[in-house]
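Two complexes come next, and they have one chain in common, subunit A, joined by subunit B in the first and subunit C in the second.
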Partner chain A sequence: MSANRLWRLLLAPGAVWLLVLFVAPFGIVVAVSLGTQDFIGRVHFGWNFENYQSILDPLYYPILLRSAIYAVETTGLCLLIGYPVAYTISRFGGRYRNLLVILIILPWFADYLVRIYAWFVILGDDGVVNGLLHFVGLPGNPPVIFLNRPFAVVGGLVYDYLPFMILPIYAALDRMNPALIEAGKDLYGSPAQTFLHVTWPATIQGVIAGAVLVGLPSVGDFATAQILGGTQTFMIGNLIQDQFTGAGDWPSGAVLTIGLMALLSVMMIFYLRSTSRPADLMS
Partner chain B sequence: MATDRWNSEINRRDFLRAGAALGIGGSALWLAAACGASSPTPVANANASPTPLHYPTAKIDGDLNLFNWSQYMDPGVIDRFAKHYGIKVNTPYFDNMEDMLTKLNAGVSYDLTFPTMDYALNLIKAGALLPIDHTQLANWSQVPQYFNNPWYDPMATYSVPYAIWTTGIMWRSNQVQGMTASWNDFWLQAPTYHDKMFLLNDYQEVLGMSLLRKGFDINSGVQSQLDTAVNEVLKISTGLRGFETDDITNMVNGTAWIHHAWSGDAYQVISQVNDPQNIQYETCKEGVPTGNDTMVIPKNAQHPGTALKFIDWMLDPANATSNVAYFGYPQVTTAGITAYQNTIAKQYPFLNMTLDAAINGLREIVPTGDKRYLWIQEWRKIIYS
Partner chain C sequence: MSQFPALHRAEVAVAERPGVGIAAPPAVVQGRRQRPPRPFDRPRFLSLFTALVYVYLFAPILVVVIFSFNSKRSTQVFGSFSLTWYRQLLNDSGMIASLTASIEIAFITMVVATALGTLLAFGLVRARSRANRPTDVLMLTNLVSPEIVTAIALLLVFTQLGLTLSLTTVILGHITFSIAYVTIIVRGRLVTFNTEVEEAALDLGATNVQAIRLVTLPLLWPAVIASALLVFVMSFDDFVTSYFTSGVEVAPLPVRIYSMIHFGVTPEINAVGTLMMVITISIVLLALAVYSRQQRARLAFLAE
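On to the complex of A and B.
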């Protein structure tokens, strides 16, 4: 029994961190969502449940839809790019596997905003890519406008969250018994069939984990859209941020925050339930 | 197996227990926050003058937290202050007035901040500022006569003026032709140059400009007029490159060719580009938003004495002159205005402005109450489209 107590004690720092930095601020957000503002915008707490009616404002729906679409596009692109990378590293990496994994994580040594601003330099009107296009003779000044378009926002999100897709898939591939693939070949399966019927189902846990780790933050992201986006790329994260900084109101922002959390929690619960049972079957 | 034991130990009963504990703890915290904060300091009656609080004395009482727009004060002047008094100056930034107000309302402690005159008026009404004793400022005589009793701050109890500005349009004359000194220029140039055009991310400026173009009052609270103004902006806003209060960076790096801009920022662009002769700025015939902003000490400043010393430092003629050369606005002191007239206004006549025009010109007044709610709803129609 003493080993069990030790485990519980080791959970304590994490629980305290969660309590102080998540549960308590969340409680304050709930309190603000039920409050009102005075003439210069200071929040006075109360029990104004009618604030929650603002969540039904049809003005929000196109923005929520856009955020969902960007998140799905980001997840899809991350999967398309990330799976082959993870597969190559785990199957053909050999001695250099760890080095390659480190190279993938390396950009995260730089600050989040620095990584977004790097795209300014690359995709700007006078940036690297446009300079190259101009050099090969493409007309236009600039040849292509990348920034302040949906392309730049989704691209920025993909770039930022790609490691979150590669690493879980890599871990899943690593855990898979390579003999399974040989068995597939022995049973006269073509490479495509082997992949579809053996490799893919064996790594589905990693794919789902990656999809959740990429999809959920992408929905709520605001910094990428704010810096790389334009007037047509307003996401739900920018909406909530606007309520707290631009000409907005705090109770509305708090209501939207709770609404978004409720929506994402539903998806999280789905993820948790879908992973709990297959884990028993796969080990 | 060890894994079985691990799995079975953190079982459903324990999880529910932990969850309940977290839930009760969280609710307790929430109630504490709600009850504890539901009795704020009473908001001063808008009609009565607020009872002045303790006047801070001008002495160094710690490092300075200077809360300002970015690129709105000469870093050299700040560094010299820090060295002279042997302290550190922290410079957090805000993007616009609403951003500043949000952080102040959240209770973040700043020693000195820079609201525009209409925001200063509201902060004074709300009792959110410390009073300023002019006898503590050695350079107070530098402040022009009018500002001893400005319209927004009777007897200048809470504020010291900082700079005057105009709002207009900045553009690159080597790329864009046919500007007509009118707010309509945005609509005129939009079909060709919408990809290189920015408006200010400021609801007062954008809605105000559109109202002026239609001949309405810049601070109109009439819903039909605001609807018209919003619909006009929507005609061009979907194709715009963006809404941005940083009107310097995009003009300098070539992303913007036309920018809704403040006068001093035009000067900063001129000083940073390789081809200053191509940067032009115009004020518009339908109306020129103008005015001054102020330096104030928020009520929860931790080092108000240092803040007062810094205000005095900025009023010093040599520092004001140096500051004007950096940020391109006439700082509202005798020396600052003279410096501006002799240097920037002479070299760039389109940047000329007088103190009289700023005092008596078109004022943007930030809406409060129901009008504020209306303006916010209208602004959202533009940016949420």
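On to the complex of A and C.
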């Protein structure tokens, strides 16, 4: 049928674009990761598998570990903050539910860098909070150093990605039948029991989706650690950025990029497996 | 739950008539009614917590907006209301060049990515071809790939091909990450109305192209417009891809802000940040309005 030919033709432009500017570039990253760089910065391709040893470099190792820890902490905090918020909106939001959800997303549409910069303004040595503390009479100049500390970076990451945790959990709660909660209570379950045995299992998909949506981008984030942190809080993203800007080493940067990609793929596979399992049970 | 109406009815029945099905004496039911409300039944604590989270989400943005109107340089003391920093912004030719460049990038990205993404959505929904599934996977992989990885990959391609990094390379990068968003939004709408309306048009003697132009597209427009606006905002706000794919001539606005922060806080960043927020948030609200109007139109259409 000629209509089908037309539809198949429509697949082509988008698919070709993604092949040329998304798939092929990965091939080049792999090629560069196996190459060497001469003193004027040109990359010579080869099969230098020893480049991959650099990822085990004791210089890099703590940074990789730190990135993973920050991402886990960020995800955990987002869950602790996000679940109650999603629950409150979904159960008690009433007719303002949609508005409340929009208000959760809206700040996220303020520019990413401006949002990080805002925390710089609030927590900086000459920032809003230190100004208040100074006014209250705390000694020291500044009274408290907030920045360049792990909690500033993790706090910034939580702020960056919190909506990504709230939205899928809200969607899961929304899909859940509220009568289940009532039923749990009518069967004399305490609030804690009802939550643990009814609400939590019914919304676990949303939690997992949120964890992936927060975890993936926070592992690869570099601007937050750059602006709110210092060399003590650098993450893998900063390491990659360093290799590709200024006098960096591109092959090492490519190796790190592939390492990051591998780490994230493992997370992604875990996510896909965990979402497909209940579907298997249903059939 | 809706797949299991019987189960659903049972749940409702249990929920609505406490005590039914459980051999509980009426006295206990009575006692339950009189028990003081438990903390989790009443959303007092949860409401307070949620309110605080909203404060946390909005406070940083408000700080930026408020201090953008400060007459003083300080971010600790508010002098008086003034437009000094906005005036400085308007006289900063570099900043204006970046703003213009960012709008230009976002506009071209919006046009190209919306066109490509919409075509791709049509292809994925309608075509019967072996290429469907791989293309779908390709698009979704693109969507979930971390931006720093795709940005570095693009940087390497551009430099290996000998292209000079410029606004063109930024636009190519932005289009690449935007296509999937358009496809997902448009496809989401495309699958909701069945091909019967189009077939009806064909039966009435319309050609394929006429059927799409006169029947399908009018139904699809709001989704296309909403996704186009979303792409504009994402491109305008984008930092990571812009950072790695922009050259030395003009820095897109987020990249310029990034380098300004390195030199320390200047209230001009507050002003430009506020300006960007006004632009992006009003576009997002516009997209929301278009999208919800479409929802209502669709309901009306289905009701007929």
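We take it that the second predicted complex is superposed on the first by the 256 of 283 C-alpha atoms of A that agree within 3 Å, B and C clash if a C-alpha of one lies under 4 Å from a C-alpha of the other, contacts with A are read in each partner's own complex, and residues count from 1 in each chain.
What we mean here is this: a contact is a pair of C-beta atoms (placed from the backbone, for glycine too) under 8 Å apart; a residue touches a chain by one contact, two chains touch by 3 or more.
Bear in mind that the values here come from a model prediction, so they are computed numbers and not experimental data.
After overlaying the two complexes on the shared chain, residue contacts for A:222 are found with subunit C alone; subunit B is out of touch.
Of the two partner chains, both subunit B and subunit C are touched by A:23.
By the touch criterion stated above, A:174 is placed in contact with neither subunit B nor subunit C. Counting the residues of subunit A touched by each of subunit B and subunit C gives the higher count for C. Look at A:264: by the touch rule set out above, it reaches subunit C but stays clear of subunit B. Shared-chain residue A:232: touches subunit B; no touch with subunit C.
In the superposition on chain A, contact is made by A:43 with both subunit B and subunit C.
By the document's definition of touching, of the two partners only subunit C reaches A:87; subunit B does not. Of the two partner chains placed by superposition, A:73 touches none, neither subunit B nor subunit C. Of the two partner chains, both subunit B and subunit C are touched by A:124. Note: residues 4, 7, 15, 18-19, 23-24, 26, 28, 43, 124, 126, 244, 250 of subunit A belong to the subunit B contact set and to the subunit C contact set alike, using the contact criterion stated above.
By the touch criterion given at the top, residues 5-6, 9, 18, 22, 25-27, 29-30, 33-35, 37-38, 40, 43, 46, 95-96, 98-99, 101-102, 105, 122-123, 125-126, 128, 195, 201, 203, 237-238, 240-243, 253-255, 368-369, 372, 375-376, 379-381, 383-385 of subunit B touch subunit A in their complex. Note for the complex: subunit C touches subunit A at residues 1, 8, 11-12, 14-15, 18-19, 22, 38-41, 43, 46-47, 49-50, 53-54, 56-61, 63-64, 67, 74-77, 116-117, 119-120, 122-124, 126-129, 131-132, 135, 138-139, 141-142, 144-150, 152-157, 160, 172-173, 175-176, 179, 183, 208, 233, 237-240, 244, 253-254, 257-258, 261, 265, 269-270, 273, 276-277, 280-281, 284, 288.
Across the interface of their complex, subunit C is touched by residues 2-4, 6-15, 17-19, 21-26, 28-29, 32, 43, 81, 84-85, 87-89, 91-92, 102-104, 106-107, 109-115, 117-122, 124, 126-128, 130-131, 134, 159, 162-163, 175-177, 179-180, 182-183, 186-187, 191, 195, 216-217, 219-223, 227, 237, 240-241, 244, 250, 253-254, 257, 260-261, 264, 268 of subunit A. Here subunit A touches subunit B in the complex through residues 4, 7, 15, 18-19, 23-24, 26-28, 30-31, 34, 38-46, 59-60, 62-63, 124-126, 145, 147-148, 229-232, 234, 239, 242, 244-250, going by the rule given at the top.
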